[in-house]
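Labels run A, B and C following the written order; every chain starts at residue 1.
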Amino acid sequence: MSELVAPSPSNESATAVVEAEHAVDIVLLKRVFEAALMSSQEPLNITELKRLSDTPLETVFIEEVLRQLAKKYADSGIELNRVATGWRFRSRPELQEYLDKLNPQKPPRYSRAVMETLAIIAYRQPVTRGDIEDIRGVNVSPQVLKTLEGRSWIEVIGTRDTPGKPELFATTQQLLDDLNLRTLSELPALAEMGSLLDQSGNHES
Amino acid sequence: MLESDQQIPLPMSTPVAHVHGLPMMEMPLDLYIPPDALEVVLATFQGPLDLLLYLIRKHNLDVLDIPMAQLTQQYMGYIELMQNNRLELAAEYLLMAAVLIEIKSRMLLPRPPKQGGAESEEDPRAELMRRLLEYEQMKAAAHQLNELPQAGRDYELVQVLIEHAVVERLPHVSVEDLRSAWLALLTRAKINAHHKVRREELSVREQMTKVLRQLRDTDFVPFESLFESDANIPMLVVTFIAILELAKESLVEITQTETLGKIYVRTSRAITVE
Amino acid sequence: MSELVAPSPSNESATAVVEAEHAVDIVLLKRVFEAALMSSQEPLNITELKRLSDTPLETVFIEEVLRQLAKKYADSGIELNRVATGWRFRSRPELQEYLDKLNPQKPPRYSRAVMETLAIIAYRQPVTRGDIEDIRGVNVSPQVLKTLEGRSWIEVIGTRDTPGKPELFATTQQLLDDLNLRTLSELPALAEMGSLLDQSGNHES
């Protein structure tokens, strides 16, 4: 099969990178990226995408190829997204109602206890189980944390140096990926809560 | 008990819960939860903070202005009622009632004299309010998080099959690997002195292999045919030594039927096979 | 969102390909099929594809949609295939060499037994299995020799005229080629190697 690099008469090292767009078979590269992104279990980052080519590729060039790929799928059933750990294809959420007909057993929605615990870890991380219980005002069952850990949405990132050395929980890249986010800062902004007392001002931001 | 509930009904479009198969059409209006509904309420609310928030936000209830004596009586009633079942579930609610009562009582007391400590200045309600607001914020955040499209629930990840051609990957071996394997052998067996061979001797070994290979498919080979015609002098010498070495190791047999006659070389195997 | 059954004038030309009686939004159906086939772990058969639509779809119509989808991906990095159990997308086999760069499987390695046996045959050829065992101090399994013979790196070039007529092993041209050597004498000299070892154990006999 043809090579990524079209045969060039000489290796002009100084301008090789600049000329990447001319030297590289962009049609083939797009197909390789497409196949790689679609067959990969995990999102692929720029470093991984660079590995797909024999010739060094500049990041801006890779991003251009990704842009073109994303554009190609603008009207299709899937879309190319950039998430926390890289680029990946996903089915369009608006088609989910049809895809659900294939698998009538929808994954269960998480309970309020699970989602509130997740929210506290996401917005207040790193937190201990005690911190979560303080905020929620109830015990946090081990099952709730197990559920979130099982989904690889939270993980223990250390212990707090207090008696009992409680574990500190934080959210993972997997959570961001699964929510189609790039960074924690893309989480919905915390709402400003109206005062519960006449004289009290803004307590928390 | 349900009848007593009817005294404070707040019509709702759908039943919030079913108690003993009967729909419970309203949520509690104050901190008093009828014992029959306690289990339902415990399941409906995430905890006392959740219940307090509900009462404050939905019913504009001033949780700090409710008659504490009445509340205390009601909650003490729980303890008796629930002693036999699931008291532990209500414990958090009872604790909250205790906190409320404590706040109320502190507010009734005269303020302690200023001692410079900021804490003593604080409104006893402030801590509870702070907790309620923080919880409410997290509750809203949880709702928003849940609204975000989730992989597997609201969209699927694309993963097409990778066509794997069945190509067996063979280990790559470098000269360096061979060298280190040999070194390992030497180190282990301490046979380095015994097996110390000069570079030339390896050439002899190579030539021995070549000669044996030449002899493999034939019976007799003329001695001189084992020497390449275009070989240089060192190669001729090496080949000669190789043949001698082979003879010494009884790998070949060199025969000469008559003096100054043709010399033939054959493998020992050829002898044994025939 | 729009329903699969959405008789829209703009789709008339596409729909006409099949049957006018199908007032099916073929554009949407193609997107749904695309998303379903791309995200499904298993090939989807006609029955399953039919389930994706609210309205009953005729098999010929589904096949037409699949044909159009396959055509859409004719020049891409993936292809739509029909296999025994249904339809599925897969990466194009000719792109595998690129995809393999992403997940470089650990190159397999030969065991120490194989490497030492090869070294002994290379440096001491021609040798019998007994010779190898003498040097290694342990038995040489037939598997080890078979591995090297299977690679065409060693071969039997005769037998030694001793009891049992043991086979004599030597290295092949193939080994030299694979090691990028012209002759065996280009192997690292054993004398040089001796200097790398503890000289105290070096007693000349």
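One rule holds in what follows: a residue touches a chain if its C-beta (ideal position, glycine included) is under 8 Å from a C-beta of that chain, and two chains touch if they have at least 3 such contacts.
Just so it is clear, the model here is predicted, and its values are computed rather than measured.
The chain occupying the central position, as judged from C-alpha centroids, is B.
Interface comparison, B-C against A-B: more C-beta pairs in contact at B-C.
In whole angstrom, the spacing between the mean C-alpha positions of chain B and chain C is 26. Chain A and chain B have Cα centroids lying 17 Å from one another. Chain B has residues 156-162 in contact with two or more other chains. Chain C has residues 35, 38-39, 78, 89-92, 99 in contact with two or more other chains.
Residues 35, 38-39, 41, 78, 88-93, 96, 99, 105, 107-110, 112, 115-116, 118-120, 122-126, 135-137, 151, 157-162, 165, 168, 170-171, 178-181, 183-191, 193-194, 196-198, 201-205 of chain C are the ones that touch chain B when the two sit in their complex.
Of all residues in chain A, only 1, 4, 30-36, 38-40, 44, 48, 51-53, 75-78, 89-92, 94-95, 97-99, 101-102 touch chain C in the complex they form. Contact residues on chain B toward chain C in their complex (touch as defined above): 156-165, 169-175, 177-199, 202-203, 205-206, 208-209, 212-213, 215-216, 249-251, 267-269, 271-272. Those residues of chain B that touch chain A in the complex are listed here as 46-50, 56, 92, 96, 123, 125-126, 129-162.
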